[in-house]
Amino acid sequence: MTPPTPRARPVAPVWLDRALAFAGATAALLSFGLFAWLVWDLARLGLPRISWTFLTGEIEDAGRSGGIGPLLVSTLLILVCCLALVIPLGTGCALWLSEFVRRGSLAARLVTGGVDLLASVPSIVFGLFGMVFFGQTLKMGFSILSGGLTLACMILPILVRTTLSALEALPADLRPASAGLGLTRTTSIVKLLLPAALPGIVVGITLGIGRALSETAALIFTSGYSIRWPSSFWDSGRALSVHIYDLTLNVPQSGAMASSTALVLLALILVVNSAAVALSEHWLRRRHQTS
Amino acid sequence: MNSTGLSRENDAETPSSGGHRTVAASLSVSGLSVHYRDFTAVGGIDLEIPEGEITALVGPSGCGKSSFLHSLNRLTDLIPGCRVAGSIRLSDGTEVTHPKTDVLSLRRRVGIVFQRPNPFPQSIRRNFEIPLKEHGWRKRDIPDRMETVLREVGLWNEISDRLHKSAIALSGGQQQRLCIARALALEPEVILFDEPCSALDPIASGVVEDLIHSLRGRLTVVIVTHNLAQARRIADRAAVFWVRDGIGTIVEHGPAERVFTAPSNPDAASYLSGARG
Amino acid sequence: MLGLLALVAGGMVLLIVWYLFSNALPVIEAGRLAAFFTDSLWQPRSQRDPQFGVVSMLVASFLVTLLAVALALPVGLAGAVFHRFYAPPVLERWNRRMLELLIGVPSVVFGFWGLMVIVPLIVRLAPHTSGQSLLAASIVLGLMILPIIALTSQAALQAVPPAQLQAAAGLGMGRARTIWSVALPAAKGGIGAGVLLALARAIGETMAVVLVCGNIPQIPKSLFDGIRPVTSTIALEMGYATASHKALLFCAALILVLFTALLVGWLSFRKVESDPGTGGA
Amino acid sequence: MAAFAFTACGKKESGDVVVLTGASTIAPIIVDVAKRYEEAHPGVRIEVQTGGTSRGIADTLSGVADLGMASRVLTDEEAEKLTAYRIAADGVCVVLHKDNPINDLSKQQLIDIYTKKETNWSAFGGPDATIVVANKADGRSTLEVFLGFVGLDKADVKADVVVGENLHVINSVVSNPNTIGYVSIGTAATEAQGGTPIKLIATDGIAATTENVASGTFPITRPLTIIEDAETSPAAKAFLDHLKSAEINDIIEKHFFVPVN
C-alpha cells in the first residue's frame, strides 16, 4: 500500500517558482546590462583622459582640455551646504510626522501632501525659484550657498519619505518600551528611535546625494557657471553635472571630456555614499560598544 | 484512523463536517543534532513521538527545544548557517532530514504554530486561501474547509461575519486560534506548537490549551512549553531538555505521568520540582 | 520645534507655487488662461496666430510618465524580488551599490546616451520616423526611474516582518506563493511610495527627456510620434523667452504642478484609504 | 569650514566684480576672455553665468548682471533700454549626415523641405528615405535668422523634431541619418573636423565656411552681442571696451566664430 498521504495532488507549483526566478534574474540582468552598457560607453571615451592633472587642474579651452579641479571642490561644497540643511530639516519633518501627529490627521496629510508635491516640481522650476528666492530675495547671489540650498529643497521629499518609512518600520513596541523606562520623548527619539532608524535614513541620504550630484537644471541658475577655485560658500562655482551638461550640449568636440567628467562624478558618488554608510556604521558600532 | 485510503478520495469532493479524516503520523528521531555554524545547539537526541499523542518538550530557556522543534519540519532551513544532522523518520518512512525530501509537502504534513500569533495582515479569508491554494485545494472547496476548521477552533461564531476584514484586527487569542485553524486547514498529520500560549493572557491561554488538548487522538502534537502545569495537564508524553557540556539534549523522556512524578535524572528532577532553571 | 521644521518642509511647495503664480500673473490677468486649454497648438511667438494650447503637453507629460513607470516597475520590482529572495546576499549588496550609482548619473548623460543609442535602434524599427519619440522618451525615463523603484522596492521587501515569512514557511508554502501572496502584499505600501516618488521624478524630469522626445507639441497617435512634455517646453524656451513668453511658460509650469498635485493627492489619498489595517502586525 | 564661510561673508565691493549672464553660446568665449583679462588686471573679477539670452537681458535690466550676452537681435521694446555691441558673427548652415549624397540646397528647396512639400530625399537626388525635419525651438536666434532667410513664419514650418542646443541638432543628425537641421557654423565645423559624421551644406551655392561668413557672402548669419543698460559700472565699461576690441579675436576664432572688430 502506498504511504498514507491524504492529498495526492502536487503541492507548490514548481513552475511558478521557476518562472519567478527566471523573470527576476532576467530583470536583474537587464538592469545590470543597461547600466554596464552606459558605463562602458562612458569609460571607453572617458577613461583614457583621467589622470591626476585632470582631477586637480583647471579648465582649459572651455573644457576641451585641462582638468576639473575647481569643479570638484565646488561640487563638494554645494553638497555640504545641501546636506547641512536637508538632513535636519528632513529628519525633523519625518520625526514630527511619525512621532508627534496622528497618522492620517489633517496636519500630517497636509505636510506629507506638500512634501510629495514638492517631489514632482520640475527641477528647472527649482532652479528658477532658487535663483529668485535664495539668489535675489535672500541676497545670496550666484553662489554655492544658494545652489546647495536649492538642491536641499529639491531632495527634501526623498529624505522625508525614506526616513518616514524607516521610522514606521520600527517595531511598534519600541515606543511603549522606552516610555515604560521613563525616558522622555526627546531621549527616546535621540537615543532609541533615530539610531534604530539610522540605516533607513542613510539609504535616504545616499539616494539624495545621488540625486543632488546629478542635478543640472536647478544648479545652472543658482550656483552658476564660474570655473574659478571657490574661496567661500558665497562664490559661484560650477558643479560637475553642470559642466557635463555644458560640454555635452554647448561645447563642440568635448565628448570625451564630458565622459571623463561623468566617470569622475560616478566615482565621487561612490566615495561619498560609501563614506555615509561607513560613518553611520561606525557610529552605530561605537554606540553599541559604549552602551 | 485507518480508513485513510477511502477518505482521501472523498476529501476534495466533500471536505465539510467531521474533520476526523486526517491521519496522524508518528515521528522517530535518532542521533539528531542542530548546528549553527560552529556552534552546536542541540545534540544526541533520540526520541520516539507516537502518533495521536501529545508530547510536551520542557526545559529551561536556551536549551534547544525550539531548535529541535523547528528541525522537525525543516524550518531550520530558513536560518542561514543552520545545519541538521541525524535522522527524523515519519511513520510512512519519509526521512525528514534527507535533502531530497519535498520540504513543502513535509511542512503541510507537519504543521507549526508559533509563539506569537502571525496571521498575514490580510483578510481572514485570504489567510486560508493563500496556503490552501498552494497545496492544491480547489477554490470552491476553500470556504467549506475554512468554516470547518474555524468551527473546530471555536472561532466561527465569533468572526463569521467579518471574514473579509483584516486578521490583525482580531484579539491576540483569536489571532492564535486563527493560526491554529490555518495550520489545521492543511490536514496535517503532526502539528508542532512553539510556546503557543506564552504571548497570550491567561483566559485566551486557557482556550488555546483546551483546543490543543482536543486535538489529541486525531493528530500527533508536539508542544514546547515553559508552563509545567500546562504540560502536566495536557501531555501524554514528556521530554526534558537540559544543557550538558554546552549542548542541549534530552535528559529524561517517557510517559508524562512518570516523567513528572518520578524523574530519574537529577537535573530533570530539580527542574521539574521548580528548584532550578 | 519639529513642527516648525515640518511646516517649513510642507510649506516649501506653497512658496514655489506662489512664485510660479506671481510670474504667471500677467497671463492670468490678461484673461488668457482659458486659451491654454482651448487652443490646439503651441506657438506662443507666432506673429500671425499666437496659440498657447497646453493640453497636448500635459497629455505628453503624463503619458510618458505612465509609460516609463510601466516599463520600470516590472523590471525594478522583479529585480528586487530576485535580489531579496533568490540571489546570494553578496549580489544584493553589489546590486544596491550599482543602483545608488545609477541614481547619480546626470540626466543629460541619460538623455545623450538615449539619443545616440536608443534613438538609432528605434529608427531601425520604424525607418520613416525621426526616432525621437514617445517610445524613446519612455525608455530613457524608465531607465532613469528604474533605480528609484528598484531600491525602494528592495527596501520595502526587506522590511517585511520575518514572522510573516516564517508563517508562510510553516504552512509549507513555496517561495513563489510566499512572495506573491505574503511578501508583496506586505511590501505594497513601501513599493507604492517608491512608485509615487518615481512618478514625481518622471513628471519633473527635464534634461533627459528634451533630448529624445522630439519636442513636437501634439497628442501622439503612436509610440513613434514625437511628443513635448511641459518641462521640455520650459527647458527649450525659458532661456530665450521675452517677458510675455516667459509668463506663458510660468503659467504652463503652474498648470503642470497643479495637475500633478491633483494626481499625487488622489494617489496618496487612495493609499491612505486602502490600507488602514496593515500598519499594525 | 564655517569660519571660512563667514570671513568671506561680506561680499566683495561690486566695483571690481563684473557679472555677465546670458546666452550659452557666448558664455564659453567670455570665460576664456575673462581668464586672460583677470590675469592682466589683478583685482578685477569677471563672473560669467549662462541661462540663455533672455536671462541676460532680464538680469542686465534688473541690475543682477552688469553686462548681458545675447545671441539674438533685441526686440524694439528691449532696445529702448539696452544697447547691444557685436563682438562676433556666426553663420547658420544646414547640416546633413555624411552619408547623405546631397551637397547643396537652394532656398526654395529648403522651403519645400521645411513646409513638407517634399518629404523624400529622392526628390533632391538623394536616397529613397523620408526626410526628418529638425527645427529649432521658439526664441532661439538660429531659428529666427533661418526663418528670416527662407521667409517662413514659425507656423508654416512642419517639423518632425524640435531641438534646442546646436549640439542637439548635430547629434540628432548623427543618430538618424535622414535628418536635416541647421546650426551655428562654428559648432558644425568643429564637430565635422573632429570626425563627427556630418557635413555642412552649401546654401544657394555658397559654401558654409567661417571665411564666407567673415567676407559677408554667406547669406545666413547672426550676431553675437554684449548688451549694457544705462548704468554700467566703470569696471564693466572697461571690460566691455576690451570685448569690443580686436584683442579678443584670437579667442573668438579658437571657438570657431567670426571676429567683427
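For clarity, chains are labelled A, B, C and D in written order, and residue numbers in each chain start from 1.
Here is the rule we go by: a contact is a pair of C-beta atoms (placed from the backbone, for glycine too) under 8 Å apart; a residue touches a chain by one contact, two chains touch by 3 or more.
All values derive from a computational prediction rather than experimental measurement.
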Chain pair whose interface holds the most contacting C-beta pairs:
A-C
Chain whose mean Cα position lies farthest from subunit D:
B
Separation of the C-alpha centres, subunit B versus subunit D, in whole Å, is 79
Between subunit C and subunit D, what distance separates the C-alpha centroids? Give it in angstrom.
32
With chain centres taken as the means of their Cα atoms, state the distance from subunit A to subunit C in Å.
17
Averaging over Cα atoms per chain, report the distance between subunit B and subunit C in Å.
49
Please set out, as single numbers or ranges, the residues of subunit B touching at least two other chains.
104-105, 108-109, 134-135
Residues of subunit A that contact two or more other chains, please.
11-12, 248-249
At least two partner chains per residue is the criterion; list those residues in subunit D.
24, 51, 55, 164, 168
Complex contacts: residues of subunit A adjacent to subunit C
11-14, 16-17, 19-21, 23-28, 30-32, 34-35, 37-38, 41-42, 88-90, 92-93, 95-97, 99-100, 103-104, 109-126, 128-129, 132-133, 153, 156-158, 160-162, 165, 168-169, 172, 200, 203, 206-207, 209-211, 213-217, 241, 244-245, 248-249, 258, 262, 265-266, 269-270, 273
Given the complex with subunit D, which residues does subunit C contribute to the contact?
41, 43-49, 112, 115-116, 119-120, 123, 127-132, 210-211, 214-216, 226, 228, 235-243, 245-246
Can you list the residues on subunit C that touch subunit A in the complex?
1-3, 5-16, 19-20, 74-79, 81-83, 85-87, 95, 97-110, 112-113, 117, 143, 146-148, 150-152, 155-156, 159, 172-177, 179-180, 189-190, 193, 196-197, 199-201, 203-207, 230-231, 234-235, 238, 253, 256-257, 260-261, 264-265, 268, 272, 279-281
Subunit C partner contacts - residues on subunit D that touch it in the complex
24, 51-55, 58, 72, 75, 77-78, 129-130, 132, 134, 137-141, 153-155, 159-164, 168, 171-172, 174-176, 178-179
Which stretch or stretches of subunit C touch subunit B in the complex?
163-174, 177, 181-182, 185-186, 277-278, 280-281
